[in-house]
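In structure tokens below, several structures.
Look at the two complexes coming up: chain A is in both, with chain B in one and chain C in the other.
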Partner chain A sequence: MPEMYIARSSAIAARMLAGEMMVMNSMDSTFFTLNEVATAIWQAADGSTPLREIIEQRICSQFDIAPEQAQEDAEQFVRELSQHGILLVSDQPLRDPLAPEER
Partner chain B sequence: MSLLEEMNQKAFDLGVPLSVHLDVTYRCNERCVHCYLDHDDHGEMTTAEIKGILDQLEEAGVFFLTFSGGEVFLRRDFFELVEHARRLLFNVKIKTNAVMVRAAEAQRIRALGVDTVQISVYSHRPEVHDAITKLPGSFARSIAAIRFLRDQGLKVTIANVLMTGNLADQAGTQKLAAELGVHYTLDPTITPKIDGDTSILSLRIPGEELGEVFRNPALVPNMEEFCAPPKPPTGDDLEGYSCSAGHSFCYISPYGDVFPCVQFPLPSGNLRRQKFLEIWNHSAELKEVRSIRAKDLTVCSSCSHVSSCTRCPGLAYMEGSMRGPSTADCEKSFYRTGVPTANMLRHESGRARGAPLIQIQPLALAT
Partner chain C sequence: MPAVANPRACVVEIGGIPISLRTDDPQFLDLLCQRYGGFLSSSRAEFELDFDLTSAAPASDEDVRVRREGTEWLLDRGDFRARWDPRTGRGTVRQNLNPYSLDSVLRIVHSLVLAERGGFLLHAASAICDHQAYLFSGISGAGKTTLTQLAPPDVTLLTDEISYVRPGSNGFSAFGTPFAGELARPGKNCAAPVAALFFLEKGAENRVDELPPSEAMRNLMRNILFFAEDRGLVERLLATACEFVSRVPVRRLTFYPDPRVWDHIRQWQEVGVHA
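Coming up: the complex of A and B.
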């Protein structure tokens, strides 16, 4: 099964407010709040770490969730955010669109 | 209540500065007849200073960031500032006259993930718009810029300030916005100039004509409800606050001065001398603004309009007291509903208009 890589879209804005991550897509003004698990995935979406590794390192260990269940939930979450243009998904590593240009 | 409204309410209740309006310069290439600013540069912040402030705003929890001026594109580092802001994941809005925006700039704005670009357009007729901006050709350039931005898929808003010189063109300007496929907003508020000059208040549209604006179905879809007589205030109304100024919103000038709002010139600290959170959390001025509930208002607490009035505490402050009435909003309430306000009943309108005014000054001069 190919790896899944995720990166945050260049069109989004995000900020933590009282423990909830607010995310807004500037293209269509869709606005979301993410729960703690979704926020952990969101924050780790650097384009270079496979989703499987994010789940192992950031989710299963910290939230006491079985890997299979976590993988299934995470893939569904990633697909939803991808449909709203919030996350970019690929089977190849992605460049983080908001990262500083390499000189 | 929408999710966004819920988050706004949460920020208000927790005292988180969710929205900040940052003027990066007061310099401008237009000389609009109604503008309240002094366009000379009295030592605006450097690129590094503004970037440092953006870092502090992120840490403070600011989400919505508006870059404005003056004309923002007169700063050669403007895109560098926007890029820094976007890297910090702010939701960025830009207010501009857009006369310096061409295809390349529009493309860059799009690539940076800017949420909205708001552009001032005062008429659908070039001669009327250019007479207000005092920049020949500005209408053509602003409209061209709107097309470049719109073609990039950006959200664009035409902001029209309604005054005596363009009142007759309101419908035409609204139609122009519709033809261009962009959003349209209208504001009849004219404020005194930064140096205390009140002469531009003569540009305000007369109250009776304001009433016609409020009864224009093209502008006010829920006119019946909007123009209904005020409901008697409840206990909750009297415990309520005027607006988000100083609660979840503030304004930062190009000189680093912090105010509760762009329209509330109460100097509350300076970012060249203090950290943002130090000002936000400990400024005596902001604490005072936050303490004022409707029941504390000297005249308005007994006014029948108290629960529905758009009373601006900043305009009230400019009239002499942040707890007092704002005559411009009294007029709006009256011409919207036909019911006189407590302030109007108390004073002759001519006397109220002549009240002393307090103006924005750089903090260094004010202290």
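Coming up: the complex of A and C.
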């Protein structure tokens, strides 16, 4: 099965409030709140770490979730956010759009 | 007493932000002065909008589009087209005589100015009770107009439709607006510190419930009037909304539609159950 890479879209604004991430798309003003697990995935979405590795290192180790369940939930979450243009998804590593420009 | 310094212009000051509205058409100037009568000002205008009137065309149900082009904002809907440059403070509006188009343009310009200054326009009624402002938001039919109609005489209506919120020296303040809803009555031109934001639901009893921050934010963002496709401004607005939810009590107010709901609001304030 191919790896899945995820990166945060550059068109969004995000802010943490009471342990949850508030995310807003500047193109259509849609707004989302991410729970603790989704926030952890969001924060790790650097475009170069495979989703599988994010789940192993950031989710299963910190939250009491079985790997299969975590993978299934994460893929659904990623699909939903990518449909709204919040996350970019690829089977190849992505450059993090929020990272500083390389010289 | 409000003064009209220029015979072809009037200054309308909402939320402490004076905007000069200029036109060559005396009929349109009359319309402006009548519609915003309680908000005419002799203050020096911060911004100027020149109106270029077109022949009558129906008001549009199209979605408004607000985007940046260089230093200017472009505001576009079927019934109006406007350009406004916040750096020079000047803009032009092409529209017909329709007062609803005029309201829309003013609301959008204020929403852009407010977003930069840490405030926002909210789809909510608001009123001053015992020197403090309360905001009442919710979907259409939730009871915004009903609640304002039930208000006792000592409560000052700021608006039954669009609330004006901006930061002051001591937290957020709510200002009156001329933007009326079903009540068809403009708000009073005054302001007070915001004591609470209530999301309304009609029910069999009067009750105030806590809302978790994420739900408070979701409800707040759903009701903020914001149209701009601009990441910088969206970031600013998101920061403002988080600040508001952190500082102002945001609650669900379930109410039975009779005047006792206002006793409940006063009791909630006096007992300080929100503290």
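Please note the rule applied: the second predicted complex is superposed on the first by the 103 of 103 C-alpha atoms of A that agree within 3 Å, B and C clash if a C-alpha of one lies under 4 Å from a C-alpha of the other, contacts with A are read in each partner's own complex, and residues count from 1 in each chain.
Everything below uses one rule, namely that a contact is a pair of C-beta atoms (placed from the backbone, for glycine too) under 8 Å apart; a residue touches a chain by one contact, two chains touch by 3 or more.
All values reported here derive from a predicted model rather than from experimental measurement.
Enquirer: So, does A:A66 touch the first partner chain B, the second partner chain C, both, or neither?
Expert: neither
Enquirer: Determine, under the contact definition given at the top, whether A:S29 touches first (chain B), second (chain C), both, or neither.
Expert: Touch partners of A:S29: chain B and chain C.
Enquirer: In the superposed arrangement, does A:A18 touch chain B (first), chain C (second), both or neither?
Expert: After superposing on A, A:A18 lies in contact with both chain B and chain C.
Enquirer: Find the residues of chain A that appear in the contact set with chain B and again in the contact set with chain C.
Expert: 10-15, 17-18, 20, 22, 24, 26-27, 29, 31, 33
Enquirer: Considering only the defined contacts, which chain B positions touch chain A in the complex?
Expert: 2-4, 7, 10-11, 14, 16, 18, 58, 61-63, 86-87, 89-92, 111-116, 153, 155
Enquirer: For the complex, give me every residue of chain A touching chain C.
Expert: 10-15, 17-18, 20, 22, 24-29, 31, 33
Enquirer: Which positions of chain A touch chain B when the two form their complex?
Expert: Chain A reaches chain B through residues 9-18, 20, 22, 24, 26-27, 29, 31-33, 98-100.
Enquirer: For the complex, give me every residue of chain C touching chain A.
Expert: Touch residues, chain C against chain A: 212-214, 217-218, 221-222, 226-227, 229-231, 233-235, 237-239, 241-242, 245-246.
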